[in-house]
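Encoded as structure tokens, the structure appears first; notes follow it.
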Amino acid sequence: MTGATAHDVPRPRRRARDSLGRPPLVLLLPAVVAVLLLVSPLVTMVVATDPSSLAAAAGSPAVADALWLSFITSTAATVICLVLGLPLAWMLARVDFPGRRLVRSLVIVPMVLPPVVAGIALRTAFGRSGLLGEPLLATTGFAFPYTTWGVVLAHVFVALPFVVISMEGGLRAAGSGYDAAAATLGASRWLTFRRVTVPLALPGIAAALVLGWARSLGEFGATITFNGNYPGITQTMPTLIYVERQSDTDAVLALSLIMLAVSVGVLVALRDRWLVTA
Amino acid sequence: MTGATAHDVPRPRRRARDSLGRPPLVLLLPAVVAVLLLVSPLVTMVVATDPSSLAAAAGSPAVADALWLSFITSTAATVICLVLGLPLAWMLARVDFPGRRLVRSLVIVPMVLPPVVAGIALRTAFGRSGLLGEPLLATTGFAFPYTTWGVVLAHVFVALPFVVISMEGGLRAAGSGYDAAAATLGASRWLTFRRVTVPLALPGIAAALVLGWARSLGEFGATITFNGNYPGITQTMPTLIYVERQSDTDAVLALSLIMLAVSVGVLVALRDRWLVTA
Amino acid sequence: MRDVSPGRAGGLAATLTVPGRLDVELTAGPGDVVAVVGPNGAGKTTLVQALAGLQPAAGEQWLAGADLTGVPPQERHVGVVFQDQRLFPNLSALENVAFGPRARGVAAGASRAVARDWLDRLGVGGLAGRRPGELSGGQAQRVAIARALAADPALLLLDEPFTGLDVGVAAALRVELAGHLAGYRGVTVLVTHDAIDALTLATTVAVLDGGRLMQVGPPSEVAARPRTEHVARLVGLNVIRDGDRFRAFTPSAVAVSLHEPDGSARNRWSGTIRSAAPHGGAVRLQVHAGHDLIADVTPAATRELGLAPGRRVWLSVKETAITAY
Amino acid sequence: MRDVSPGRAGGLAATLTVPGRLDVELTAGPGDVVAVVGPNGAGKTTLVQALAGLQPAAGEQWLAGADLTGVPPQERHVGVVFQDQRLFPNLSALENVAFGPRARGVAAGASRAVARDWLDRLGVGGLAGRRPGELSGGQAQRVAIARALAADPALLLLDEPFTGLDVGVAAALRVELAGHLAGYRGVTVLVTHDAIDALTLATTVAVLDGGRLMQVGPPSEVAARPRTEHVARLVGLNVIRDGDRFRAFTPSAVAVSLHEPDGSARNRWSGTIRSAAPHGGAVRLQVHAGHDLIADVTPAATRELGLAPGRRVWLSVKETAITAY
Amino acid sequence: GPARGEDTLQVLAAASLTDAFTELGDRFEAAHDGTDVQFSFGSSTDLAEQAADGAPGSVLATADEDAMTIATDAGAAAAPTVFATNTLVIVTPRDNPAGIGSLRDLAGTTWVRCADQAPCGRVARTVLQDAGISATPASLEEDVRATLDKVVSGEADAALVYATDAASAGDAVTTVDIPGAEREQNSYLIAALAGANDPELARAWTDFVTGPEGEAVLTAAGFSRP
């Protein structure tokens, strides 16, 4: 039997450049407007920032602390969103259980909550005198509020719905035909999930995680309401910016720019490693 | 030639119940934890709400106004996100233009901004003395701040990145083979977009719009910073809740519950019409 | 369910119903190769999918003594070559084939060795590292066959496994598969549109039409006495239905003339030539004469009579050349 | 580009190179049907995709007087039947077929009428309202063909259009297609693994192997004097390469015996039977004797000599039965 | 809660006290060797609720009485004292483009004040009522800082804010005093928290804030004596 051709076929390095011709104006134009809309405030913000306050902010240890805490907590929250959210998204996309629609609606609800209300809701549940928090404190001595764990909890609560809904969209778009093929090969649902479902939905999953990370990085209302604003423990970049705003508007812009620069750096690095290949 | 079988084949009413067996514990467990995590604060919030304040809030005309304004502005923002965001997501997913990665990173940036900072950034651009807003005011007499248009602008700025990134994930997951097929049939990119690309990525697009709508419904910081808070014009539900919070904590829970109930109602109705079929 | 004994004993016994698409009762002993033939839309793929547990179907199913009714696909020990291949796009050819053994608990190294072996046997060992998107249609088809066989299933379901393969590969693969199936104690269900497959590989031929089994029997029996137009065409026989009896004759028994034949031959038809194509040493004419008939004539006769598509001709067959059943 | 005149005049002229996969120069006049044959992985689909503008390729391409080099697919007026179908899953069969006319500016009602007509001609008119996911493989294939034809292209690219079709439908479709192509002024490129297609539908056969054109010529010429093992197998000839000359003989010219034949016949080989299958009225043996050879014997001889797979036999051919070229 | 050294003083304070308290914190640390003063700034309501919920902290300082009541009702704080008051003023951008010289001039301009639910909004409403002004603002801001912000950023022609905010904005704004505004003052309250891990230190801080040094810093920031 002949199989491979005689000569070596080189693997293409990257996908071929799109060959379907120029994008039409009716799509190009709104896309450009969208970019301008999103970018112009950022540009004017940079213009409006006093360079000296930027230098001062960049050198401040409080800023370094807050930045670090922001990244730690957002990343932790994103990991938890992945661990909890992907299974839930999978259940919503692939398993036809009774009450699925209700669960999906319940999952969306926290998205609609203004952040401060999310903080209050978290307090009623996990606060030191909350319905679940009180027994937890009584039995283990641990309470979420005013701790870094509390910050992570608040971030997860706020970001998880975005992650789940977005991941579900990705899983549905990838289709379930390959799941069936894997099943006929004897793969358990868990193996199928790991080796087939997730890799195929990877672009959507990655996008969802970026959403979740960004949402949690910018999160402020729920965090400050639920956890207060303790430097080094619960003071993330957005809460630090809130405090600075009380005294120095210039500093706010400077801090925001620093936060932006670092986040964009992280995202670009991530994209290169994870998202473009997907 | 024989084609159809002689007997009529009934179209299946709904997709067959998933037949790949019970979901594994390793996925079921985290999914249940995720649901509990998201739902328990909502339940405890309901428990903590004073029924009499609920009745009072439900009857207040200020609440009705704010609720109405919230839905109007969020829906308008979602429509704009669709009109501007879908083309941009398509460009990012399908057109290999130079600087694509940079554009994608820039689009993500506003997600990372804490909402108040987003409001400040909008002000530096579109405020009455903003870089673009000042000439706009001088030439047309129109300014965004303190108007309902300003609220919509703030919502779009905050929600658009979520919508774009999530839609891009959906478009990528749907694959581009059908686009190629449409092109060979003579379809312009615009026709292909309408008839093939978008319908195939519909689950992802719908999920993205739900995200955008919910994000903009809960949006508060950017709105109040950019537009202030005036009943009937710029006072959305979240801003009403926030100012109410300074005087009457009970009312906050009641208002939040009302907002939740209405949003869930809308989402469930939407799901039935749009999302389950996709 | 009337008779499930073969299923209980080690083979397959199934009664499957998918409303409007399938309603069959199928049994096969261990080692049997059941060729399923039938026109497009007959329900062949539906049957395969139902046997695999992918298509919800009412009824019962027994395999090698175990009741498979309601058992999810991953616990059925089936191996499926899908009509649309469904190779995992994210895995290499090797990983695709190793997937089955891995899923059944074989160690990674051993699975890869098995996979490599199967890819070699199917002539695509050199493409082990490629993703499905980087394979040609026929190469992908071979990987799909390797994947199904490597899982070492108790029930092998092959949905048109030789489509898209070039003639040489298809012939070689038939030989390869025949060798494999000879030593195989499981049950094989082979969907095919090719008479050669049905005649050379199968122990039983099952003729499906409109979701129902029209005829089941050994290949020689079905080929000699087809009961559907589809099988007649498949094996290259002319079959005419006569009440509930059938009359069959070979294409070479058909005489072709330009004018109405003399004599009393009651078996004669007038019609238009729809196509003429070389067939073995002869030329095979397809003639539309009420129903479609085929006739083999010599190349010389074709030239002399000018037997080209569109030409009106008379066909006749001697009564002695006709088998009635 | 050496000769682009046919492309300039109204036909097709293309020089296409995809590194490592394709390097061909192809010309065809208006109305020509080019059958592209070749083993799996030869580059047939790559050629089709390059002609359609979907596969980036270096080189030039002219069609009906227009330079297509670098022109995006939607402006090429091609019609493609993809090897993997690619019917739009969100549209009904009718909408799929009406898509092409619509895209070319035909009014909605007229497009649907055209689509309905094509579906009827392909025997799937009754399935117009179904989504591709609700069609069988062969039904979907027919819709895919209808979709490509309904677009009324200047260049028709058919990548294995008859795969998955049952024999009756395939035969009918060949007739239908032949009728359509007879009145068609565009160029058709037909990828096939079936000799019948190449011989009955094509005006030119192009033999592709390893990305290069090995032989181009009229079907009868290519069939009579194949220059690749693949085509030899395709048309059922034995071809032996002898330096840069070829020696061909038909399977019926091969004598099979169990013992070494007497006499001085210099054309004799010993080998093992790999398969035996009915072929026309004869039984076709595949014998592995260094290279693969085929021999046709009578069913009677098969029985008498016990010619079953695994048996060692001697093959011989008289020198007079051999064509050398 | 967060583990703190014995000499750490945790102060929960209204956001409007950020500048004054940060300064006082530095001075307190200098005067009490080895003591570390940590602040958690936020909205008075948030902080009071957090104190009531048992948030770590020794002292709570709120920008109004209602918020402090939340903490005292919950038993988290006791015996609050008023340590500063604040008077309403008009601020305009430095060049005062709308030419505002009194409350009367607000009509027809784009001006802002706090929402009625916020402490500064209650004061502003009373002051406007007393002066018989019915001009509608462009916005009812969520807090006084946001109100000031609108003028600083040039988004409003005028705003009603506290004298302390006007002072903190420095050159960026022009301040116009409101006659009779001192009758409607806003009170800042301070109280040691029941959960303080070092009550002595908490008392030292409240004494320090209400003492002469506190008075000096607070007055410099624009606050009045109660």
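Labels for the chains are A, B, C, D and E, by order of writing; each one numbers its residues from 1.
Everything below uses one rule, namely that a residue touches a chain if its C-beta (ideal position, glycine included) is under 8 Å from a C-beta of that chain, and two chains touch if they have at least 3 such contacts.
Since the model is a prediction, treat every value here as computed from it, not as a measurement.
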Can you tell me the least number of steps between chain D and chain E, where a step is a move to a chain it touches? 2
Chains adjacent to chain C and to chain D under the stated definition are A, B
Set of chains adjacent to chain B and to chain E: A
Selected interface, B-C versus B-D, where C-beta contact pairs are more numerous: B-D
Greatest Cα-centre separation from chain C belongs to chain E
Where chain A and chain B are represented by their mean Cα positions, the distance between them in whole Å: 15
Between chain E and chain A, distance of the C-alpha-averaged centres to the nearest whole Å: 35
Note: chain D sits from chain A at a C-alpha centroid distance in Å of 52
List, in ascending order, every residue of chain D touching at least 2 other chains. 39-42, 53-54, 72-75, 84, 139, 142, 168-169, 172
Of all the residues in chain B, which ones touch at least 2 other chains? 2-4, 9, 17, 20-21, 120, 180, 183, 188-189, 192, 200, 242, 245
Find every residue in chain E that makes contact with two or more other chains and list them. 49, 149, 153
Which of the chains touch, listed as pairs? A-B, A-C, A-D, A-E, B-C, B-D, B-E, C-D
Note which residues of chain C are touching chain D in the complex, please. 38-42, 44-45, 83-84, 135-139, 141-142, 159-160, 163-171, 174-175, 178, 193, 195-196, 199-200, 223, 229-230, 233-234, 236, 250, 252, 274-282, 286, 292, 296, 309
Looking at the complex, which residues from chain B come into contact with chain C? 2-10, 16-17, 19-21
As the complex stands, chain E meets chain A at residues 1-2, 10, 12, 15-16, 18-19, 22, 38-42, 46-47, 49-50, 53-56, 145, 149, 152-153, 168
Please give the residue numbers of chain E that touch chain B in the complex, ascending. 43-45, 49, 66, 70, 110, 112, 115-119, 137-143, 146, 149-150, 153-155
State the interface residues of chain B toward chain D in the complex, per the touch definition above. 1-4, 9, 11-12, 177-178, 180-189, 191-192, 195-196, 199-200, 202
